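Take a look at the structures listed below.
Both complexes below contain subunit A, partnered by subunit B and then by subunit C.
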Partner chain A sequence: MRANVWSGRNTVQVENVPDPRILNDRDAIVKVTSTAICGSDLHLYDGYIPTMKRGDILGHEFMGEVVETGKGVGNLQVGDRVVVPFPIACGDCWSCRHELYSVCENSNPNAGIAEKMFGHPTAGIFGYSHITGGYAGGQAEYARVPYADVGPIKIEDDLPDDQVLFLSDIFPTGYFGADLCDIEGGEVIAVFGAGPVGQFAIASAILLGAERVIAIDQYEYRLQMARGKAGATDSINFSENPDIVEQLKDMTGGRGPDAVIDAVGMEAAHGHGALHAVDRVKQSTRSESDRGHALRDAILACRPGGIVSVIGVYGGLLDKFPSGAFMNKGLQLRAGQCHVQKYTRPLYERIRDGQIDPSFVVTHRLGLDQAPDGYETFKHKQDECVKVVLTP
Partner chain B sequence: MSARASITVGRAREEVERLWQSPEYRREYIAGSGADVTFADAPGDRGTEVHVDLAVAESGKLARLATRLGRGYSRAKVKDDLRRFKQHVETGVIARSEGSPVGERVERKLRQRPAQPLNDSELEKAGV
Partner chain C sequence: MPFPPRPIDSTLHGVTDYSVGAALMTGLPKWAGVGGTESARQIRTAGAVHAGYSTLTDYPLGLVKLIPYKAHLALDALGALALAATPFVTGQYKKGRRHWVPHVALCLFELSSLAMSDPTGKGDFHGDIEAVRRANTEDPHRKIHEGPPAVTRVNV
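Then we have the complex of A and B:
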């Protein structure tokens, strides 16, 4: 089959690779009909996530048609149309039984490496390095789906792929970020990053009852989408004024946002000149893996007693964590890879009810063979790119 | 370095002890090491803790020989064994990934294999 594989920093290529096969009774094989490039794929592309190997098939956002099932998969049949959540979860361990699917205790065959890095192993993830299991990804014609009796959600109506594909990751991830903010109604929520996940965090905060949502980015076209499509009430373009913390205070009568969502992660673009330079140097010498302007500013801007919700991906260590602000303001720091399986069903219902049409983020549609162009366009934010969907 | 390793398996102690002894669930590496294995109830609904103490194994004759040959018992392997036991008991399967189907070049294909278990040099490379 054809698949998009990682072949080194800043290089992906579409190659012929062996078809996946059933390895366990609880596996299924899915013929991919749509797959997307995620912002976190760019961390792999840029070489910031260790343990990638040449030839690893990328992609953790995909959907398609079931073409084969192992004998332990009773809930799916050949021909079913499914969306596959990006965390691979067994459904049986203590974490899964408590809906903490992204820290499934059993799905990561390389748990030893993950434990070394994070203290504990985390769940397997499709196409996301060998720390998360070395599973082949979905930017391919076919994908093997382990624990297929747990993860995939069956799409039972004729909604087009573009509307349901993002149940695999970015819609639940954005929603999870908003869900962590304990929104009850009337809050002001600030969202760092108006990329695809940020767009869904904004839309979800509004769905959950936030009164104002402030989108923060350096690209005006993304802020336009945030205001026009996702429902942001205000925006900050930090390419015009880099002092995000002061602007947030101005916009909230000095209080600061009730909760702040970091939908940026380890490759933050902005930052106070000198600190940004320090971060870049430390990253290049491998003495710091994450640069964290977004997280630092989120902590500084959040109102006392508020919540900082981290859904942007971090991979290792971060310097200059503002521990004084974090502790003295009594903040709550909440984080995680999204527990997608917890949200797929209710969010699918919201899509069916017409409360949201997730396809608003799609700006580029390409064939699978054009994946390398897609990565370049997305990485460099060319052509007002927000989200690239690939069709095998 | 600690010579202990443990894991929590989400089943009652009676069942975990029984499965640990059964041939189908037997973990060869730990069994072969002669390590001391004990079981304890985990709090709440968390199941059963399995504790492995390698110090016992390392004081044995065989272990001393192995250590002399530079092949002492590996705590990382004990942990892998524990994880596989837990996976087997809780999910009925052992987690496996495909590894890297590395493109169409023959010399790459020759090296293809399932990603697990990692071999010694890979474990060393990963710093485990």
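Then we have the complex of A and C:
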């Protein structure tokens, strides 16, 4: 089959690779009909996530048709149309029983590496380095889905792929970010990053009842999408004024947002030249793994007693963490890889109810063979790119 | 990948500007064996000027965005050549090799860095954007700028 593989820093290639096969009774094989490039794939592409190997198949956002099932998969039939959550979860361990699927205790065969990095093992993830299990990803014609009796959600109507594909990651992840903010109605939420996950965090904050949602980015076309499609009520373009904290305070009567969502993560850009230079040098010399400016500003901007929700991906260590502001303002820091399986069903229902059409983020639909150009276009924000969907 | 490859985008170029500028102003003259000499003063001045106009450049690491990026690159080239020429103009090259080799070495470093810097600032972009546009079945501009909101505010 054809698959998009990692071939070194800033290089992916579409190659012929062996077809996947059932390895365990709880596996299924899915013929991929749509797959997407995620912002967190760019961390792999840019070489900031360790333990990638040449030939690793990328992709953790995919859906398709079941073509084969193991003996232990009773809930799926050949021919079923499914969306596959990016965390691989066994459904039986303590974490899964508490709906903490992204920290499943059984699905990561390389748990030892993750434990060294993070103190505890984390779940396996499709196509996301060997720290998360070294599983083949979904940017391919076929994918093996472990624990297929737990993860995939069956799509039982004729909604097009673009409307349900993002149940695999970015819609639940954005929703999770908003859910962590304890929105009860009337809050002001600031969202750092108007990429695909940021767009869904904004939309989810609106769905949950936030009064105002402020989108923050440096690309005007992304802010336009945030305002025109995702429901942002205000926006800050920090390429025009880099002092995000002051602007957020000005927009909220000096108090600051009730909660701030960091949908940026480890490759933050910002307008403060000297700080950015220090972060770039430290990251490129591997003396810190994460450029943490969005998180720093999120902590500084959030109102006292508020919540900072982190759904942007971080990989290891960052410096200049404003621990004084965090502690003295009494903030709550909440974070995580999304426990996707917890959210797929209720969000699927919201799509079916017409509350949201997730296909609004798709700006590029290409064939799988064009994945290398798709990665470059997405990474360099060319051609007003927000989200690339690949069709094998 | 374009040839010659130009992997240095404007941000990475800025990182080089500030780190090299700082090195020239601080320990590099002593490390090069010219501490306390006229050569050291010249190298330190070059570092200060370099870092100074970097802060005024219109690129991601500039503090006040007055100088266009391409003009900054031209200043880099002129500054490098001026630094290399200085020992020969002042005559200090007669004092020995260490009074002109650092200047010329820094000039060569700067010129090679410039040769690898993308003047558009896009750096290592190596996609075929025209092929993407031809193949794309979506219209990004219309998708972003036209049509109704994708989210309905629901009562909670």
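Side notes on the structure shown:
Going forward, the second predicted complex is superposed on the first by the 391 of 392 C-alpha atoms of A that agree within 3 Å, B and C clash if a C-alpha of one lies under 4 Å from a C-alpha of the other, contacts with A are read in each partner's own complex, and residues count from 1 in each chain.
The rule is short, and it goes like this: a residue touches a chain if its C-beta (ideal position, glycine included) is under 8 Å from a C-beta of that chain, and two chains touch if they have at least 3 such contacts.
Values in this document were obtained by computation on a predicted structure and should not be read as measured data.
Once subunit A is used to superpose the two complexes, subunit B occupies space next to subunit C without a clash. In the superposition on chain A, contact is made by A:C385 with subunit C only, not with subunit B.
Residue contacts after overlaying the shared chain place A:D357 against subunit C, while subunit B stays out of touching range. Once chain A of one complex is fitted onto chain A of the other, the partner contacts of A:K229 are limited to subunit C, with no touch recorded for subunit B.
When the shared chain is aligned, subunit B comes close enough to touch A:G134, but subunit C does not.
Within the superposed three-chain model, A:P372 lies in touch with subunit C and out of touch with subunit B [touch as defined at top]. When the two structures are aligned on the shared chain, A:G316 is found in touch with neither subunit B nor subunit C. For the pair subunit B and subunit C, the minimum alpha-carbon spacing after aligning on chain A is 22 Å. Partner subunit B is touched in their complex by these residues of subunit A: 3, 5, 7, 15-18, 20, 23-26, 51, 53-57, 72, 90-94, 97, 105-113, 115-116, 121, 124, 130, 133-136, 144, 146-147. Residues of subunit C touching subunit A in their complex: 11-12, 14-15, 18-19, 55, 60-63, 122, 124-129, 131-133, 135-138, 140-141, 143-145, 147, 149-156.
If you check the complex, the residues on subunit A that touch subunit C are 10, 184-185, 203, 206-209, 221, 224-225, 228-231, 269, 271, 273-274, 276-277, 280-281, 284, 354-360, 362-367, 370, 372-377, 379-380, 382-386. Per the touch definition, subunit B reaches subunit A in the complex via residues 8, 10, 45-47, 76, 79-80, 83, 86-87, 90-104, 108-109, 112, 114-118, 123, 126-128.
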